[in-house]
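One chain, chain A, appears in both complexes that follow, with chain B as partner in the first and chain C in the second.
For the complex of A and B:
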């Protein structure tokens, strides 16, 4: 899967789950202010990403540093590549 | 005085006069009623507590509900209220209520509920208003915007254990176009975590009465319908609250569409 395909899967998964407009889903969009998610949504977001990419990320410390959609893209791409390399 | 619905606005001059009369009478009466409530609060709160033995929260919710009855009385000459499914047995606590959000007056319309012990989950800004904040804190309302979801969940569990009704506006904001916006998950998570029934409420007409960003009141027909309770046991699994949220929203959307077709 290319980086672009990973990004598209993240965006479509989150858009479907949280009823977001894909046009608003730019990398610099902040999760709380721009996308309007709340603290419970971020918990659900982890579940959505785990289901979309078949990996576990809820215990990862780096996830608490995520502020923007671009951070999510980078985090998931990095996790996906590490998992892919280990396989 | 004859009551007027939104379709009566087509009536031209008489409808415009009714709207004018509404604005000239409702606002002064509301101010007087609110001032009376505030001035007598230091007396009514301890007095009701003394007579009933209720907690501060329950007593304050009762006073808010009585205030809401006054609001209904002031509005009735201009608003045709229609309710459906607001059966006291159906709305027996503990239960979680979710209602769509169209207008500042939506919270006032909850006075149509046949029960007074309703705790609201609201955003932070009303808590910053001097009197509103004081009263809402005494009533135990949840400031869900300032809480983490774990804190909100614990506070909601406490309310349900009293037992009381916990009400959410799952959209978080008033809709600008009358359509349902995206739903936040808090109410549904509370339902699945506690196994508490959830009752969807559908509200229409308050966007005619007072739409967001406006101050001029208009005569309207306000409908508040309670749909059948939803059992969280039907939505098992880690992400059950999300499935429940989507199912409830779809039911509300369909019901609101039906109400919209019958609007005039």
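For the complex of A and C:
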């Protein structure tokens, strides 16, 4: 999967779960302010991403540093590549 | 301590006919039946019922996702009915947020569909890793009340009574008592429920669910009829906006009815079987609470669900108090039994009957059961001078409830 394909899968998964407009899903969009999510949504976001990419991320420390959609993209790409490498 | 008088200034309904009070009362008066085939029930082994009265699809997306994510359909029904009641009463966001307006709204249980969905996944590998954050808010007992309060910004009291089929009636009674005590000025009161096959099964296993009319759904349920064969489950939400008379007069609100009496009593003789003696005690207590006698009642809106034992017990107790003088009808033949919502939907219809002076008959009552006491049934839409109404609801668990409503008089 290319980085772009990963980003597209992230964006479509989150757009479907949280009823977001794909046009608003730019990398610099902040999770809380720009996309309008809250702490309950971020719990569900982890579950959505785990289902979309078949990995476990809930216990990853880096997840707490996420502020923007771009942070999610980078986090997932990194996790996906590491998992790929491990496999 | 002096008690405040309590009036109704708003009504809201989501019924098996759809959303809105006007659709609800127009359909009742037109004698439309709302029971339909539910083919997917055939896939459930051991369940004989194949019919129910379900709410047609509604556009839940008018509710912002932030509030909708923790709702199931019963909360959606409740939200829409509460919005309608507030609009009718002329109340808005400011009143909701001020702390003087609260909500008394219950359901039989939290969402069974949400529980089923969670456990179906959980039992695959006993993992909680896929559990969404909204689950608890959908299955808690006060799910409807909390969800509606959040969505409408209600800052007053929250009460979520749960007494199965007495829930709606109790919510309005407890709400009236809360306002009478001066604890709140406005309360959105009622019950809500969503259909799940388990609800139908509850009656089916006790041989109290209708199954003989699966091919002719509009002919069931049949309250007080010789050929009745049990309950047909329904869903929806009915809301009465209760207000202190002082508040309603001060703001010039239209007063639709006055709640004058309420009683809810346990019937400890049996957890499932109706008890005519206990029903009579409950109605008598409600009359006493209203300061009236049986002679003052112009119409009784019966609980009568179409079960063999329930209808007989209720007819006997009504006859004991009112003889064959007072018109009686049940609305279950139109809309089935909406469980926690039944009492408040039917009370909303009672307020409408007070308003236009026409009594709605018992649908599907073709041949009165000779085993039922000879009460005076309403057999067709009937113009009548209606000033005071007694309304009954009874629940599994031995929970009876009765409310007295009357046309508002300035005295």
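To be clear about the criterion, the second predicted complex is superposed on the first by the 87 of 87 C-alpha atoms of A that agree within 3 Å, B and C clash if a C-alpha of one lies under 4 Å from a C-alpha of the other, contacts with A are read in each partner's own complex, and residues count from 1 in each chain.
Throughout what follows, contacts are C-beta pairs under 8 Å (C-beta built on N, C-alpha and C of every residue); 3 or more make two chains touch, one makes a residue touch a chain.
Quantities reported herein were computed from a predicted structural model and do not represent experimental measurements.
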Between chain B and chain C, positioned on chain A by superposition, is the outcome a clash or a fit? clash
Looking at A:33 after the superposition, I want to know if it touches chain B, chain C, both of them or none. Which is it: first, second, both, neither? neither
Go through the superposed model and pick first if A:56 touches only chain B, second if only chain C, both, or neither. second
Chain B versus chain C as contact partner of A:78, first or second or both or neither: neither
Once the structures are superposed on A, label A:24 by its partner contacts, choosing first (chain B), second (chain C), both or neither. neither
Touching A:47, do we find chain B (first), chain C (second), both, or neither? both
After the superposition on A, what does A:8 contact: first (chain B), second (chain C), both or neither? neither
Now that the structures are stacked on chain A, which of 146-154, 218-226, 290-298 or 398-406 shows chain C clashing with chain B? 146-154
Could you give the residue numbers on chain A that contact chain B in one complex and chain C in the other? 18-19, 36, 38, 40-41, 43-44, 47, 51
Chain A contacts chain C in the complex at 18-19, 36, 38, 40-41, 43-44, 47, 50-51, 56, 58
Which positions of chain C touch chain A when the two form their complex? 65-66, 69, 129-134
In their complex, what parts of chain B are in touch with chain A? 144-145, 148-149, 152, 172, 182-186, 189, 238-239, 242
Show me the residue ranges of chain A that touch chain B in the complex, using the header's touch definition. 17-20, 36, 38-41, 43-44, 47, 51
